[in-house]
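Once you scroll down, you'll see the structures, which are given as structure tokens.
Both of the next two complexes hold chain A, though its partner changes from chain B to chain C.
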Partner chain A sequence: MPGSPLLARRLWITALIVPPLAFVALFVVYPIISAFAYAFFQWHGLARGEFVGFANFYKVLFTQPYADWTANAFLHNVLVFFALMVLQNGVGFLLAYCLWRELPGAAFHRVAVFLPVVLSTIIVGFLWKLFLHPLFGVVNISLRGTGLGGLAQPWLGQDTTALWALIIANAWHMVGFPTLVFLAGMQRIPGEILDAVRMETESEWVKISKVVWPLVAPSATVVFTLLFVGSFNWFELPYIMAGVDGSPHKATDVLGLYFYRTAFGDQSGSGQDFGAGSALAVLIFLFIAIVAGFITFRLRAREIQI
Partner chain B sequence: MKKLIMKTIVALGALATALPALAEDLTFWSWRQEDKAQYEKFIKAFEAKNPGITVKFETFEATNYNTILSTALAGGAGPDIMFARAYGGLENVANAGYLLPLDKTNVPALEKFAPAAVAAETVRSSKITYAVPFASQTMLVIYNKDIFDKNGLKEPETWDDLVKASEKLKAAGVMPFGNGTATAWQNEVMVGGIASTLMGKGFYDDLMAGKTDFTDKRYVGALAKLKEITKYFPDGFIGLDYASSQQLFASGMAGMFVGGSYELANFKKQNPKMNMGIFAMPGMKAGDEKLVAQYFDGGYAVNAKTTKKEAALKFVNFLASQEFGQMFADDLNNISAVPGVTFKDALLGEVAELNKHSIPYIMLVHFRFGEPSGSVLLQGEIQKLLSGKATPEEVGKNLTTGLAAWYAPFKK
Partner chain C sequence: MSAATETYYDRRGILQTLGRDGLIQIILILNTIVMLGPLVIMFFAAFKTNAQIFQSPFSIPDFSNVANLVKIWSETNFLRYLINSAIVTGSSIVLILTLGTMAAYGIARYNFRGSGFVLMFFVAGLTLPLKLAIIPLFILMRDLGILNTQLSLVIIYVAMGLPTTVFIMTGFIRTLPNELEDAARMDGASEPRIMWSIMLPLVRPALVISGIQNVVPIWNDFFFPLIFIQKDALKTLPQGLTTFMGEYTTDWGVLFAGLLLSSAPVILVYIVLSRQFINGMTAGAVK
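On to the complex of A and B.
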């Protein structure tokens, strides 16, 4: 039968595609669509009430106290994004360059830099909470031990330091990821180009800015986009280190925590509101999708094909 | 003759409802993972007396319990009997129609419960009760008796006594208080445990009567004193989380701990050798009535859609019985809400004694019914107060204006 190998092949492909597709449909597409739908209804506890159009969106964006909370959380996400762009992607690029240039100890550092990435966020969160413990934390003990006791702070309890403490913990955790991606990008740069550069100049700065940076543009597209999505979906680390309330007094509140608290309630403080929570989820989703799409589009345009 | 027929019908009816109750499996959901062994013991006692009914106790992580329960109930997959929260948390579930109304016809023992206990499990607008309250909690000061004895200290009778005792402990190299306020809800605990006496019953009554708000001098003054006493909290206490602060006290590094009565069992488990005492915060003068802040924790509710209503109600009636209340107090070291329970544990007896002079834990009991909730506002405002970002007056003002968004008496 001439048709049967082809048919078998098709069946085989179908059998491979259908389970993941069904999985994605059930656990990704369906929840997103239902959140969209939930956002347009009023909720009495868990019971769906009447259709209210855009009232939930209006509520979280323009009525108090939600408007202030939304703006506060959003601005924190923006700060987190830019801070991590420098502390995570920027440092990652420099580290990658050092590793690529095979500075002494490169083999060791390649592992050391990437190791924290493998740790789960839960472990990193608790670890840094211990590091920053006001009494026994290694940060304050080191400061006191080196005569800088005046700089010892209750890091996670002050609105001036708490968010930065989380940002640094996150950068420490994830810096290995952009490093690895940039390093892979650098290793793809053909030797002839580098040889050609070496004949022109010995300046590292020229090498970085005129050759390496433009040629690792595809890597940059990846890490920038992922950082953007990650910063605006930031949840685990603040949840573990600062709690669902964004303690102290919402100084570490980000959209992820705010959405979770609004939708599901906070055992020690507030009730649940699926309508407002879903509206927030939809807004966050749309914002991330649109801006991430734009970033990818713009960054792709500047990539150079080798 | 008519009577006989009626009796037969009633008997048949009872039999008919009893028959399916033979060999019924009930599911019972809880957020108290740590109490699983004790609850299984209670259930055995019930099953021994009610052959044919078995109860399966299932626990979920406390912080996610509401979400899990909500989702299950909404999907029609909830348990037959469940732990329900109190106050605003109860209304969230009850208003959606998921719980069976309870009253003196289906749970006769409810009538004898304290009104405040029943109110905690009652929806305010409809006055319908949905759960049998299980325990009350009290915000007070726990102290390490050994440390107090070693330093020649007694339970303070006035605020000055407290300050002097704190100074003495500090001089002896002991942290006077072990508390930290990085975990948001701990800030509310501080207000309940430290400021209740200072704000006084008069303030509470006036607040409830709509005669005053949180800008009241009595409230603001109490917050100023609260801020003052944090001088004796650990260095950097605003960055100290809840778990760490518990450890400071349990390990004997701190002399006092402002917290809920629920801490007692936990401290005893962590450090069985430690002798603990409790007291209510003193007022400025020796004669001032010392007050603790009390609230009810939650209750046992029945799923409105359960197919085993009779069996479930039987079990809930058992949970409302004095026999259960006594076991609950003895085995879980908690203040059972069942009336007439006696406390073997001396400390629990003392808590019950302190409860006679109490005001409700204000924000949880009265201000968690709208957004922003009083608890959320208070927790954030106290964090501002303690880190020097707000004065007591500003806190009082922000609480009042924040709550005015939904609390009618504050609307100007």
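On to the complex of A and C.
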């Protein structure tokens, strides 16, 4: 190479690294840092006003009606997380265990369980909204058709069932993801270990709880962490199925919807407040980062190297 | 132990296995019915009238009745939304793979001071949700004058896709052997030429995985168009879907036809490439 090969090499590495680095700096790092900064200012519409310290945080956490809204939405996210832990990750583990035996048809079931995962949440949300319609939805039509008409109800229209309907729609949509992550984990368990276990015990339960479950710990770490982040980020499905106000009566309100309303205004377009919205974003962000970090750290500790 | 007891235990073992495998088959079949049933109902309903949907939601329709599909095609902007989604997703993927491979190649193939830090910088954004930075992003896009353009979406998707792509590609490119590269260097090939002609052809499998991992969330995204795009002519498919779902609220056949047409592209590609989809979408989660 003519000239200085060392300089040319340095230029070449710079040319490779700098454009993507600049992109991430400008459109990931800078916005995230700004999100923190914005929370400390008063906002007049889209214009930044004066520095107000922690006033926005105080407002969303301790003054009414914000404090109640924040607590209400947060508790719903907590419920969603634990419910999906069972209905999505728990069922996913069970399905993975069934698929793992590779009985005839397993390949087809594997493709089927993952099919909803590739669909847009918007499609899934509308589909289930139509299915759960009180009069014309297929769920209530089926209940009436089989003599269980007494169980038919306005699933999305009443406080007691609305959030659960959303949770079940979400589990239907996403259960294939933990299923296939767990399945990949199970397929990595060496055959010798399984043979040894088969000599020791006949009990399926002992096999699952004492051998398979501990050995798929790395899959569990990933799936639990992603579910945690996803649950506290939940937005599209409630937005489509319950609307931006978390209807009925905020029974389906979650942090994502609440943040969106606070920042960009509600159904009527009123109440837009970038200051309070930024404060909420920072709080959600810190909560997710700290707890997700903690979950990952604790779960990593129980992983066993095979 | 007598021979008789041994057979007894053996037989019990077989029966238990049969019983257990039977139970597993039942669980899997029931689950597949639950997974596919709603999509089959949607598919059938797209060819039905309101009355047929309400009276017999499970019946097989007359598939020659395509009035609902025609209505979606001719009366809504469906095709426009579809093209917009293709433009935005296509350009985002090309940019993600180009920038992601550049960064990953630089980090993985060259020892330079700070390479560990650079990788950390990319990977830091891996699980942190960019949605929560939407206010600064909105203001940034406004200041750049690109609100209400497809460019704003492409930019945000590239930003969203780069961390995982750099992470996966770096891991993959590191595993490539040094011999080819060294031999080419001996022959006097330049670094760009080594990358382009020798290393990149080997990276193809990882590019497919990264491409699929990014294409599904970008194609399906609704949040960023909701914030950035107001013009109907620029809306993407999920966003456009909310528009015409709002217009045809009483015409259920058309609603289901809209859902069918919107989901058909992804479902068809998934059926053909299911293995690649599953590998790609679980790539970050499966070591």
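Throughout what follows, the second predicted complex is superposed on the first by the 281 of 306 C-alpha atoms of A that agree within 3 Å, B and C clash if a C-alpha of one lies under 4 Å from a C-alpha of the other, contacts with A are read in each partner's own complex, and residues count from 1 in each chain.
Definition applied: contacts are C-beta pairs under 8 Å (C-beta built on N, C-alpha and C of every residue); 3 or more make two chains touch, one makes a residue touch a chain.
Every value quoted in this text rests on a predicted model; they were computed, and no experiment measured them.
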| item | value |
| --- | --- |
| Which of chain B and chain C A:P190 touches, first, second, both or neither | neither |
| Partner chain in contact with A:Q272 - chain B first, chain C second, else both or neither | first |
| First (chain B), second (chain C), both or neither touched by A:P154 | first |
| Chain B versus chain C as contact partner of A:F264, first or second or both or neither | both |
| First, second, both or neither for A:P248, with chain B first and chain C second | first |
| First (chain B), second (chain C), both or neither touched by A:A112 | second |
| Residues of chain A touched, compared between chain B and chain C (which is higher) | C |
| Contacts of A:L132 with chain B and chain C, given as first, second, both or neither | first |
| Overlapping contact positions on chain A, where the chain C interface meets the chain B interface | 46, 264 |
| Partner chain C, residues of chain A touching it in the complex | 1, 8-9, 12-13, 16-17, 19-21, 23-24, 27-32, 34-35, 38, 46, 94-95, 98-99, 101, 103, 105-106, 108-123, 126-128, 130-131, 136, 138, 141-142, 172, 176-177, 180-181, 184-185, 202, 204, 218-219, 222-223, 225-226, 229, 233, 235-236, 239-240, 256, 259, 263-264, 274, 277-278, 281, 284-285, 288-289, 292 |
| Touching residues (chain side chain C, partner chain A) in the complex | 13, 16, 20-21, 24-25, 27-29, 31-32, 34-36, 38-39, 41-42, 53-54, 57-58, 99-100, 102-103, 105-107, 110, 112, 118, 121-122, 125, 127-137, 139-140, 142, 155-156, 158-159, 162-163, 166, 188, 190-192, 216, 219-220, 222-223, 227, 237-239, 241-242, 245, 252, 255-256, 259, 262-263, 266-267, 270-271, 274, 277-278, 281-282, 285-287 |
| Chain A residues touching chain B - in the complex, by the definition given at the top | 44-47, 64-66, 129, 132-135, 140, 152-159, 243-245, 247-250, 264-273 |
| Chain A-facing residues of chain B, complex | 62-63, 65-67, 70, 73-74, 88-89, 91-98, 180-185, 188, 234-241, 244, 248, 368-369, 371-373, 375-376, 379-381, 383-384, 387, 389, 402, 405 |
